[in-house]
């Protein structure tokens, strides 16, 4: 048995994690109060990584998976109420609240969900804890889960760990992920290498193309 | 220890189950293809029960709980996609599909959810299996769960059983529930009497009023 | 799609529910304080049903499934501690406590688990709520779940409902189940007929035999 | 709201993760085939850390929590069968199998569980995925969870993440944990500092003592 299996399109899905205005846009809820000095200072790596690497790769992934007719899902930080009373204790403590329906909770325009694609609001780091995604993936007959999004060492890593523990074969796409520094990004990739295979956007798109060419 | 505890408004919530066009309206998805002969025949009891007893009582409950500032939630049979590919195996077999966003999936007008109340789409009998309601109730600090809706011996009964098993103190409001015959309704009430206290709409509204009067 | 599928032995398992001294023996915890008058009065049907119908059928089922090399599992009411502090709120209220390791928690001798068969202690009606059986069945690659045991309209019915909701194809064996009266037994079979196929011990053993004969 | 809350003994529990022969002993399943050269080479830090720091601190924690009458639980990597067919896909791929009842699955002697303390066999990194510990903690009325054990950046970190997401206030005791290098240990502590408070054994024992002195 091995984790290093190519995708079976009929048993696969691609999940984008938290690629939403709140935490990807300079004027999103997480950053709008951050002074410019920090945006061009401590957050320079993050926004540059998003712009030059992660978002373009996510856009390519999304297109390739749609073409291959593999299910694409999204999860976003968003409460089910405006005041966030339904949020996790963790998000209450952290002070995260993306009110139901707010712009902050929308997937970024570049990656806008299709009309019949599934978007799951969540209020915890791991999408498996605060949504019923495991139930949905089961109903969709998904066995292999591809993960991309932000930030690599928090919500993405938690999803990798839980997905693996639950029994999915997880493929992480590191160059379609971002976090606040290259060191943090690299550390997490090492830490979770036993829980997932790690494949570049380029290689994964090729893999899917080959599958389609069959 | 006892199940026969009055509600603590700060730890309580009211959940309406499947009170939606699909299964409560004559022109809802479940009944629109049923001939008139059956509507006035085998379904006469059900629709009369809804009109004369269950819906009026649900409306009164909703008003009383809102006045007492107790959380009111709703669950409805509804897929997260239009073609229902995310539905449970059970709903696929049964042939139930309420497409995302359809009129069939809306709570009936008489009981329309408030602007900031939570509505959870589900695709299984028990709301605890196909939604993350347990997580939400935990975040809302709810310990006592009040249940009403349709049909008594299917989705309502499954919710009573799971809620009790999980650790909620369950209050069922039998006269705010309906199923297809009085016999089935009575049988289920007997079968689950060990899992919940059973209180009439009238008595429960009084109980809440007394609490508010404190 | 249909629920009326014969078992695929490689994807099936048989689960016996609460067939343990506590609730099946006259000197088990649930009955030892019950006066003889009630045992030969209100509980006469139950004990007779167990002795003449349900237990003999369970014994036959167990043998047939073992011969067919289909996984056989057991769940029993049992706490993980002696004082039962880990029990569900429901069992605390009801007053059920089978201390860890007690005779009351053992599967009855006639149906003694094999050396490498799985026994899951539980403290709720539904085995899916207070054990991680869903995780185990997934790891065992089980899709079709056969249920038998006691009592039909409580722990067995709750297991049928949850198993169906989760996505298993459920086969209930009514003549390998028992509850306190024929009326209750018949009511529950009708109530849950939409959640499972119902097959007699005789027919199910034949079905497995045919499969083996292939 | 804050994560930096001292323990409320009535709402707290201490969980030891994987402190078992399999992965803590030189002759445990994970290391018995490892050549001496590696044990005194790449694993030198790990075994020294266990011997000099982590195990002594765990022993002190265990004693202090028992004295304070705070629940102490244990989880161990262990299958429910001898051949491990019930294990997670991840453990099957990784090749981990601690057969039911094996010496490898026992908590190490220094930390032997008390007669009425709970030990949960698991087959995934996170104890929350492959056991029903969340249900038990709920029944035990636990809100604050203290974590210690091995290895810091795998099973311990996964437990921190899930416990936090689910809604527990998590206290991690870094000097009662160990992993394969100081760098990995430090990286994980930084990565999860937003999910838990981190307190030394010394400070936590004082905190409990003060509580007891009230």
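Which chain is which? They are A, B, C and D, in the order written, and residues in each are numbered from 1.
We adopt the following convention: a residue touches a chain if its C-beta (ideal position, glycine included) is under 8 Å from a C-beta of that chain, and two chains touch if they have at least 3 such contacts.
This structure is a prediction, so every number in the text was calculated from the model and none was measured.
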Chain A and chain C share contacts with B, D
Via touching chains, chain A connects to chain D in a minimum step count of 1
Interface of copies chain A and chain B: same or different residues on the two sides (over or under half shared)? same
Of B-D and B-C, the pair with more C-beta contacts is B-C
Averaging C-alpha coordinates per chain, one finds the centres of chain A and chain B separated by a number of Å equal to 34
For the pair chain B and chain D, the C-alpha centroid-to-centroid distance in angstrom is 41
Distance in whole angstrom between the CA centres of chain B and chain C is 29
Among all residues of chain A, those touching at least two other chains are 88-89, 92, 129-130, 135, 139, 166-167
Contact graph of the chains (line, ring, star, complete, other): complete
Touching chain D in the complex, chain C uses residues 80-83, 85-89, 92, 100, 116, 118, 123, 129-132, 135-136, 139-140
Interface with chain A, chain D side, in the complex: residues 1-3, 88-90, 92-94, 124-126, 129-130, 153-154, 157-158, 161-162, 164-167, 169, 184, 187-188, 191, 194-195
Chain A contacts chain C in the complex at 135, 138-139, 166-167
